[in-house]
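Sharing a structure below in structure tokens format, with a few things to ask.
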Amino acid sequence: MSTGDDRLVQSVDPDHPANLIPSLCAKFWTLGWVTGTGGGASIRDDEHVYIAPSGVQKELMKPSDLYVLSLPQTLARHGESGDSDGPIRPSSRVYLRSPARFKPSQCTPLFLSAFTRRGARCCIHTHSAHAVLVTLILEQQGASEFRINNIEQIKGFARGYPHAEVGNLGYHDTLRIPVIENTAHEEDLTEFLEEAMERYPDAYAVLVRRHGVYVWGNSVEQAKGQCESLDYLFQIAVEMKKLGIPWESDIKPTLPRKSIKGQ
Amino acid sequence: MSTGDDRLVQSVDPDHPANLIPSLCAKFWTLGWVTGTGGGASIRDDEHVYIAPSGVQKELMKPSDLYVLSLPQTLARHGESGDSDGPIRPSSRVYLRSPARFKPSQCTPLFLSAFTRRGARCCIHTHSAHAVLVTLILEQQGASEFRINNIEQIKGFARGYPHAEVGNLGYHDTLRIPVIENTAHEEDLTEFLEEAMERYPDAYAVLVRRHGVYVWGNSVEQAKGQCESLDYLFQIAVEMKKLGIPWESDIKPTLPRKSIKGQ
Amino acid sequence: MSTGDDRLVQSVDPDHPANLIPSLCAKFWTLGWVTGTGGGASIRDDEHVYIAPSGVQKELMKPSDLYVLSLPQTLARHGESGDSDGPIRPSSRVYLRSPARFKPSQCTPLFLSAFTRRGARCCIHTHSAHAVLVTLILEQQGASEFRINNIEQIKGFARGYPHAEVGNLGYHDTLRIPVIENTAHEEDLTEFLEEAMERYPDAYAVLVRRHGVYVWGNSVEQAKGQCESLDYLFQIAVEMKKLGIPWESDIKPTLPRKSIKGQ
Amino acid sequence: MSTGDDRLVQSVDPDHPANLIPSLCAKFWTLGWVTGTGGGASIRDDEHVYIAPSGVQKELMKPSDLYVLSLPQTLARHGESGDSDGPIRPSSRVYLRSPARFKPSQCTPLFLSAFTRRGARCCIHTHSAHAVLVTLILEQQGASEFRINNIEQIKGFARGYPHAEVGNLGYHDTLRIPVIENTAHEEDLTEFLEEAMERYPDAYAVLVRRHGVYVWGNSVEQAKGQCESLDYLFQIAVEMKKLGIPWESDIKPTLPRKSIKGQ
């Protein structure tokens, strides 16, 4: 039997977080992002945080499988914990609703970082093979940053947290995604994720070496769109590597004819 | 709230453009052509042009998300603009129906070029990874034209605009698709697209470097069929490159035995 | 308007050829076998031959799009044509039912060869990229035969026409598929296909260089199963080539322990 | 007509083994695991063993296509056979229900080994191309063991039969999957499979050279999750090989900052 208020995950609205997380995860499963119960997704709806549990078959998840956490109560308890500048500890989390079986996802503190440090509304974590391969290629090069420019899909990314008002990246801009090293326990990634967020205030995503990627957004649509665009770029990057084509290039803007004529 | 006449996008006919664009885009999403809200599609129905908006999740699009533009009114206003030999400017566009949220697609002037310069009925724009990789391989070679011959699927292409009456390409014909350089702003591609259309009067498609491809047709079926055939050829071309097999070959026609015997 | 007897393509039985061809072709489309209206399928039901038309979107085909041909009447007319040892000419074909739009498939005489020369019940033609790539790799080697052994899936093939009673190939057997050169006109392939059938009396499939593959079977299930197995082997063969692993190997049978002990 | 008690395969519960095997196999078909009637799946429900038949189209299987075997009666008869330390012979199998057409799967004795030697509840056999390619790469290296470490998805595996209580593998652990050589007849694999089970008491899977993989679990969910995770790792391993990245690496654990500070 579940604990807490089941009505929090009962809605006839397909866009309610409790319905959206299962439909998103089923879609992600077909894309190979959440294979073998890996990966996950979380949506914040002002005060409530909806999270897929650990170990669930993502393509078969039901609304009743979800956890619901109170963000204000969790933050209050976190503030009282005497460790309020670090990641939110499990003991600070206040669950308003827990499913009968399953355990909380180990991704929980990482999702909470996206919500509290970036004001995100949705955070997606994938184990996409493309993401993992990109971190392996970078490892060969001793690099901890994925950089790519001059690919149209780069426009699919917002310019980042403090600059949200200035729109998306441009075609000639360089997309930079930090790579953090994987830890034995997923929760231990949290402080490294938060550190990367500080070093890359523009980033909407963090790669985890030999593990996958965390992507967030100011809305579910933005998080999903950025996650799709990023996976597409990772896929192309792996193929570019096989074909001997560098990820960064020095391409001069093509001016429209009128600009050339000075019109 | 939407503006204009909503009845323009309300039909029970699954082949009505307002229903066809969403069903096509959902299919294209599964093919990886319109990932992360990239790409798009437009259908012309004599006087009306139906266009998918910017930034929509293509696999979830609804008829009510579409723009409808009046082609004769747009052309009339364009003619009065004093710049009538160039691409149609946004200020000339006459929308009969606009969705509540969303902005017009940046692909709009490119779709209009296919409709006005080629008399096309449908134009599809994909960000297919295969298309992008082909433009990258060609860039390595300093080339601005994709050429392939002696692959059966080449027969899937019409012989081009001025020769529509002479049917499709043959097996031994060389398919030539021009590549134009990408611009920072998608609208600025328009004049380069039109220029490529002039240089390649036979072409039903234009590749955009590091971006994707525009494909059109005299019907929805033809545009879609040519887009599928082209993506298939791009996919094979990338694999051929990995295997060291050239895209063009000098193969002599195999004559049927009867021809050999002179019968 | 269609001509002939529409009842030939109207049945509530999902296993009726008129329903089976559309459902098979929709499935094949998702596998990338009949992209861009390429490829096709035909089923023989004793006296009737059901054939997908030319130029149809394979994933959207309907029973009413099908041609139905009378095999005995076609053969009788062919016998009277004075050219009865060669492929069946279009003028000999007797259609009992033709769809309103569409033209007969250029694959028609090739399907008929499988039915008349091999007694097949179903013939599938794909443009699978894997098949095309295999023919290109063989071309590099100057070869006109695909050979692979010691892969379990080889057991998915029957031992061939004259030996149907002796079951399927074994793990250590070598699967041999002839490759014929492509012709400018698909009908002209017929005599080369028939010639290959004579040279390879065991084969249930013929590859066509730079084009695709024809696969047949004594039942719809057998033709489909062999086509799937073959495509799987082509896919593995392309990857083996990339990894530098030869398609044929000299592996000694592993005897079960009991055999070793002489039990 | 079927023989035995048809009620054994009739249930309205979607989680009943008779319904679960067809829905799992349809899903596996879309993943390319059971192409061309290859591969299979079996579920044990205490005393009953449900098995997909040989030669069935896996994506179209129905509950009525299944065999049901009595495990206690089969074991009793096996005990009386005088060969009770070896694999269970076909003559010892007691079927409670057999479908009208089809023959028993050649995988039957291998599934029974997982149930009787490991207490598994579900066993899946795939012909996944990724699995076959991994065995081919290992063969080039003269190796009979797949080893990979430092990939997050490794956590998707239980620590193995005798250690089930100690949970799953960790990120830094090395996943080891034995490879056995293929035999001409699938049943003859059984003793080699059982031998590998003895040598690898921790393993939940055995690769079969040039054939595929057997994966089992203490529940359907665990078997399926491990099979998905393994296929994902095989896919990444093949790509790593192409990119020149070794499967095993010597990575030092990344300690959380707090641990570094001694907190």
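By written order: A, B, C and D. Residues from 1 in each chain.
What we mean here is this: a contact is a pair of C-beta atoms (placed from the backbone, for glycine too) under 8 Å apart; a residue touches a chain by one contact, two chains touch by 3 or more.
On a predicted model such as this, the values are computed, not experimentally measured, just so you know.
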Subject >> Fraction-based call for subunit B against subunit A, same above half, different below >> reply: different
Subject >> Reference subunit B; chain at largest CA-centroid distance >> reply: D
Original post:
What is the distance, in whole Å, between the centres of subunit B and subunit C, each centre taken as the mean of its C-alpha atoms?
Top reply: 32
**OP:** Calculate how many whole Å lie between the centre of subunit A and the centre of subunit C, each centre taken as the average of the chain's C-alpha atoms.
**Re:** 46
**OP:** For subunit A, write out the residues touching at least two other chains, lowest number first.
**Re:** 242
Original post:
Linking chains that touch, what shape results: line, ring, star, complete or other?
Top reply: ring
Subject >> Chains grouped in pairs wherever the two touch, ordered by label >> reply: A-B, A-D, B-C, C-D
Original post:
Okay, in this complex, where on subunit B does subunit C touch?
Top reply: 150-153, 156, 170-172, 221, 224-229, 231-232, 235-236, 239-240, 242-245, 251, 253-258
**OP:** Can you check the complex and tell me which residues of subunit D touch subunit C?
**Re:** 32, 35-38, 55, 57, 86, 127, 129, 132-133, 136-137, 139-140, 181-185, 188, 191-192, 208, 210-212, 238, 241-242
